[in-house]
Each structure stands twice: as structure tokens, then as C-alpha cells.
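The same chain A turns up in both complexes below, where it pairs with chain B and then with chain C.
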Partner chain A sequence: MEKKIIKILSNVLEVPQTDLGEHSSQVNVANWDSLNHMKLVVALEEEFGVKFKDEDILELQSFKLIKFILSKYLK
Partner chain B sequence: MVDIIDYFPMERWEQMRLFLSECYRLDHAICDRKFFEWQFQADPSDGNASVLCGWENDRLVGILGYLPFSVHWGELGNPYPAVWLLYWMVRKETQRGLGWLLTKRIQEKYTLLLTVNASELGGPFFKKLGWAFFPRVARYTCVFDKKQCVPLLFPSAIESDLDKMIFRPIFPDPDSITEVALNKENYHPDWKLYSGLSFGTVRSLSYLTWRYFKHPVFKYYVILKGEAQRPAVCIYRIEKAFGIYDALVGRIVDFFHPDDKQGKTDGLILMQGVLQYLKNKGCSYVDFICSNRTYSQTFLDLGADEEPNDRQILPVRITPIQHTLRHQNFAFLAPQGGHFPVLENMHITKSDIDGDGPALIPKNDSR
Partner chain C sequence: MKKFDAIKVGDRAEIKHLITQSDIDRFVELTGDDNRMHVDKEYAQQTAYKKPVAHGMLGASFISTVIGTKLPGDGALWFAQNLEFLLPVRVGDTLVVKAEVMNKIERTETIELKTEIFNQNKQKVTTGMAKVKVVEQKKVPTLSKSKKIKQHVALVVGGTGGIGQAACLQLAKDGFDVAIHYCKNKALAEEIQKKIVAMGRKALLVKADITDLHQVEDAIVKIIRHFHVITAVVNCATSEIPNIKLQDLEWNIIQDHLDIHVKGFFNIQKCVVPEMEKRGYGKIINMTTQAIEKPNAQWLHYIISKSALHGFTKGLAIELASKGIRVNCVSPGMTDTELIANIPEKVKLLVEAQTPLGRIASPEDVAGAISFLVSEKSDFLTGETIRVNGGQVML
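Our next item is the complex of A and B:
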């Protein structure tokens, strides 16, 4: 799952995979703006076959949080 | 945690004013309470304005204004419930995704959504959400006084550009125009006579009353020609340009007429009368933003020309005069399986929502 998340982040945010990891968040990734956040959510939903609740969409602010929230949906 | 509420309570106005002044512009007209209440149709009975709001810990962090209006969508005389969106903004430091959630919320309530003047961020957003996006609604200009227009020209324009847009009256003895106060007796159009209005806001009496007669800042003039059930209609205002040069500029905000021969004639006579009046009033030029070829053709027939796509000849923003390329864009999300019109068959003008909004409240405002 982690590798898939990194790949999606890399594709959407146009950042090399090697620059992304546990530390990555909206605060320290420059291209993580509102439009890319929407693209990110859509890509995650398509890749993992889930539909995020509105409150979770707002919480997907970092790699760690994406991993945590996705885990809840995939249980 | 952000809570999204479907309305804005005017009792919390100070929070909204602060939000707008910090996220938009401190001096913009929308920061004026009276204008805000008009723009978002604040209900006097419950004090609520039509604005979706995101609240985080009791602090306003995002808004999306919405105005429900009936629209003709391919079936004249059979209006469709729609919503126009405006003022979509979120605090920069707020979590990503709120802007999208505000749009998702309104898309859950309406199947036909429209907007004009989306920002540089908004345009790509709407496209990504599956909206049809048109970066430019055609703008037409007609010059009354070439000498007065020369100082107003864009740097990239030349004096001879004006020669293609000089006012050319057709009728030798034009009718004089008279401003009217609309009422049920003089205005009850049979919309089936207006094929040019097949896709656009229903120009009902209540809509025009709100849009023009109750406007708290601008003085609009509504001119009719023809019988009550089939009038030609022209709505305009006069604006004082200032900055590098002072001038008066006419703005045709809306124009439409029945599409039969009599309707077209009434429209032509009406438009010529308005243009002659504006010229006599000392306007340097007049412009008309209109997607619909049926109605813009009348303007062209009287000497106007379409401004080019990639540059501008005479300024749009004139208070103060700005020589920045500006287009009115337009976007819509249509019901699935329904009509999907081309822009030229739609009637989108400055009439629509905040297509013709004041940037500032006039300094001598005595409201």
C-alpha cells in the first residue's frame, strides 16, 4: 500500500518518488495545492476502490494520514 | 475539523467582512454589508444569505455563494431549477480540499450549475470536476468618439483598429428611448417567441427587478420596445472611466428580442435608440458582452465589431482604467443525458449574476 501511495503522490504532485516518504505533507510539498489535492483524492479512490467521506478528504494532509485513513477503509 | 453550513447568518456579518477583506480585497464592494445582502439575497425574515460556509472552530475559513434561479435549458416556457455559483474562496492556511467539498455539497443539491468569471484557480477546478468551461464570452465594442477613444487604447492597439467599430445608425429618424419601470402590465414575455433565450437565465420580472431595480450600487436603465408579451429589451448603464484618462463608457448589460421579423426590427430600432442616446450623453464607446450570435448581430449591424480573442482594443476595466487582458469566462455543469448547448446558442451576458459587479462602492455613496 505504501508504495502505491508514494507512486500516486509522485504522479499527481509531479515530485520524484525518491523525494517522498513518511515526512511528506501539504506543508512541505510545494505542489500540494487545492487542485492537486482533489486529483490526489480521486486517484486514491480509483486505485484502492474506496469512496472517502467528506471529513476524511480534509484529513488526507500527509503521507502518514493517507496511510492511516486508507487502512480504516480497507479493513 | 471543518463544518459546512448551507447558509450564512447575517448576524455574524463582522466575521464575513473580515474573511472577505483578508481573503479577497479589503476595499471591494462585496465587503459592504448592503451590497453583500443584495448579492446573496439575504432573507429579511431569517437573516440568512445564500452562501455555503466552512467553519473551523467558530472561524469562517471558506465560502461558496450560490444563487438559485430558473433557467431555460432547451425548452422555452419550461424553466429548469439551476444555481449560479460565485465568490468561491478558502483561506490559504486551511486544509486542502475544503473548496472542493463546498462544490461537492452544492452539486448534491442541483443538477444544473453555472458560473461566470471563474478565477485562475477556479477554471482548472471546474474542468477537472467535469464542467464545460469557456474561457471567453465574446465582447463587442462600438465607438462614438474616436478622438476620445485614442487615449484609452491598449498599448498593443492602434488608432485604425477603431475604424472597424464606429457607430453607424441605420434608421434616419431614430425613436427616442424612455426608461421604464417594469411591471406585470408592460412585461410578460411569451418565451416561446425568443429562441435566442433557449439556454440561459429566465429573464422574468422578478429576476430583472432584483438584478436591476434593487441593485444597491449601479443605476441601470431598462428600455422596452413592443408589446408586453413580446418586447425587445435593452438594459444598460453609464460608467465613468478614470485613471490615465477620464471618459464616459456605455455598458449594454443585456439585450434580447423575439426572433421573428417584427422582433428583429424592434430590436434594431431599440438598440439604435440606445446607442444614439449614449452618444448624445457623451460616451466615448459602448461595449456588449454576449455569447448569443442572434442578439450580438444587431450590435454588429449598427457598426460594432468583436474584440479580438488574443488582445484588446478598448479596456473592459475602467474604474480605474486597466490595460490587462480580461475576458468573461463561463462554465456550466449540465444534467446528465440532457441538452449540451454550444456557447453561441446560449444567452450569457454581463447580466448574469456578478458578470457586471462593482469593484468599489462609490466615494460619494449616500445610502
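Our next item is the complex of A and C:
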């Protein structure tokens, strides 16, 4: 799951995978603005076959939170 | 000045003590006086007193404490005492033991003290007069200036909390001897004491409810008697922070937080500042919180009391600047201590996500800022706040 999340973040935010890791979040990844955030939500939903609730969409603010919230959907 | 010369007729001192069953048991064990009037409820029931009475000399023994630790304190040689026991003392009574200098005899360097004990109803239970010789300490050869040891002693209030522990250990590493204050967790305080001693520093445990001025006074007297000086105070005292919705918030909850953070600090500074003033130098550091500047919902009680402490710090900094005492704050963001044990994992991750440095603070991060503020490197800072929040709040 972690590799897939990094790949999606890299593709959507146009940041090299080597610059991303478990500490990546909206405050330290340059292109993670509101528009790209929605693209990221769509890409994650497609890749993992889930449909995020509205409150979860707002909270997908970092690599760790994406992993944490996705794991609830994938149980 | 000689200690005897500094004592004036009219000087007073007092201590407070709650008489417990444990006191009676220990007195019996020590003296062997197991008179049934003191230890046997059924026996006492059949007398005019109806309930067991504490040993008169148990209460009177606290006169020794006042004389030996406060007036005149170290060097007191108590050589005469008369006593009259006026009323019975029982378990649960809070005794206030008072001493007042009535006379000074220059030739023999002795003082005469009126010694009285009152109960919580302000009834005098014991009265008497004491005679005490004030023995001066022999002068030891003064160290040459180059060899003069500058002793650094820090009091860490709330020394058994997460940040308090880290502060104690960091200060010991920085060369401080440490007075570890605790309220309940003696076992943990002893563990920290052992670690500090293993680091080659001295450590003293002091127990006090900081909302009680008498207990704080006793704690500071103990530290001064042990170390002779306090050069820094790090106030880490806090209580649990439950989430409380506005509609459920009662004033007594806010009052409890104000008591710990504001009244507690008021009592501490009241006792410590005169000691720092004597040396014209001191460092006082209060822990505030990022929540003052970036408030959390349902933490109104905590935010109110910590905001008050922040204002108190700045006001005190102005008052004490001319006396060489610096008063500053450390304002941590969410810190990985027991205080946040009940916060959901997702909330911690959200805080991490909003932190430019990508994690929540560790107690050691906070201790690092404390270390700077107690050091001479920060001597030109007062009324300042160092934010330890990984960049979450920048002002």
C-alpha cells in the first residue's frame, strides 16, 4: 500500500518519488494545493476501489493520514 | 552578618501540620508510649474525652521543627522549654505551630520564644516558652576567586510529568543540581532522583500541593537548607486536559485549572523570588501552550488558565528585570507525553500533517528550549516565549 500511495502522490503532485516519504504532508510538499488535493482523492479512490466520506477527504493531509484512513476502508 | 544579629524581637515563624493516624502510630513505635488514651477507641469512649487523644508531645514536637528549620533555623540549640497542654488534639486536626521572638540576650547569644499551637478552629491547644542558643557556623577558608564554584540549582515544579522529567535530566546534564517537585508520584520522583545522582549531580525530592502556600514555603525552605541557593525554577505543573464542550463547562473546572497554573505559580514565585533577589540573579521558566495562539475546541478551561500564566509571566518579567531575574515561557505544541495518551491517533496524525517539521514534539525538544533559557546564553531575554511546535505557529 505504501509504495502505491507514494506513486500516486508523485504522479498527481508531479514530485519525484525520492522526495516523498512518511513525513510528506500538505505543509512540506510544494504542489499539494486544493486543486491537486481533489485530483489526489480521485486517484486514490480509483487505485484502491474506495469512496471516501466528505470528512475523510478533508483529513487526507499527509502520507500517514492517507495510510491511516485508507486502512479503515480496506478492512 | 552573624545569624544572631539578624534576629529581631517580634520575628515570627510558623508551620502547619495535619495530624494523621500514621503520625500516632509512628510516635507509638518510636517512643513506646501506647497509653490506651491514645490508641484504643473503646477505652477512650469510656472516658470524658470520648475519642483517642494525640500525644501532647507529638504536637509539641513540631515546635522543634519551627525552631530547627525556621526561627532561628540551622544552628539552633534548643535548651529549655516549658509547656502547657490546654486542649486535646485528635487525628484530623490541622495544627498551626507558631514561634515569636520575645527577648534577645546578647551576652549568651540566646533568644526566648513564645511557642503556641493552634488547631483549625483557631483554638490554642498548647502554649509555652522556649530558650534557644544561636550557634554560628565556623568560617571555612574562602576559596580563591579563580576556584570559586558557582553552584547552579534548579527547582523543577511538576518534575514527574513528561516534560518535567525531561527537564530534570537535561538540567542535570547541564550541570545543575535539581530539586524535583512532585505531588503524588513519589516512586517516579525517586527514579528520576537516581538517574540524576548517577549523572554525578545532586537531587532532592520535595513534595507539595502548590496551591497551598504553606506547603510551598516548606518545600522552598527545605531546598534552601539543602542547597543554600535556587538559581532557576522551571514550572511544568499541569493537570489532565479533558475535552469539555462549552455547554458542559462549569466554573469550578476553570477554577481548578487556574489554581494549578496561576495560583500555584503565584505561590512558587512568592517564595522563590526573595531567594533570587538576594543574589541578584535568577531564571524562571513557565510552560504555556501553543493552544493560546492556535486554540483547540473544547479546551477553554486550559486555554484560559495558560493565557493567564502567559500574562503573569510578562508582568512578572517587568517587575523583576531590575533585580536580575529573567522570566520567560516555553510554549510547546502537542508533545508526546502521558497528557496526550487519550488523544485519538488520527488527531495526532493531523497535527503532524500540519507541522512543517513533520512530527509532534518530544519532551526532549521542550527540554532543549528550557536548557537555553536557564543558561547564561539567554541572559538578555525576559518576558519572551520560545515556541517549540515544529513551525506550526510563527509570529
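Odds and ends about this structure:
Assume the second predicted complex is superposed on the first by the 75 of 75 C-alpha atoms of A that agree within 3 Å, B and C clash if a C-alpha of one lies under 4 Å from a C-alpha of the other, contacts with A are read in each partner's own complex, and residues count from 1 in each chain.
Basically, a contact is a pair of C-beta atoms (placed from the backbone, for glycine too) under 8 Å apart; a residue touches a chain by one contact, two chains touch by 3 or more.
Quantities reported herein were computed from a predicted structural model and do not represent experimental measurements.
With the two structures aligned on chain A, chain B fits next to chain C without clashing. Look at A:Glu14: by the touch rule set out above, it reaches neither chain B nor chain C. In the superposition on chain A, no contact is made by A:Glu46 with either chain B or chain C. Counting the residues of chain A touched by each of chain B and chain C gives the higher count for B.
When both complexes are overlaid on chain A, the residue A:Glu2 reaches neither chain B nor chain C. Of the two partner chains, chain B is the only one touched by A:Asp54; chain C is not.
Of the two partner chains, chain B is the only one touched by A:Asp33; chain C is not. Once both complexes are placed on a shared chain A, the shortest Cα to Cα gap between chain B and chain C comes to 6 Å.
Common to the chain B and chain C contact sets on chain A are residues 26, 59, 61. On chain A, the positions that touch chain B within their shared complex are 26, 32-35, 37-39, 41, 54-55, 57-61. Within the complex, the chain C residues that touch chain A are 345-346, 349-350, 352-356, 358-359, 391. By the touch criterion stated above, chain B contacts chain A in their complex at residues 1-2, 4, 90, 95-101, 104-105, 121, 124-125, 128-129. The residues of chain A lying in touch with chain C in their complex are 23, 25-28, 59, 61-62, 64-65, 68-69.
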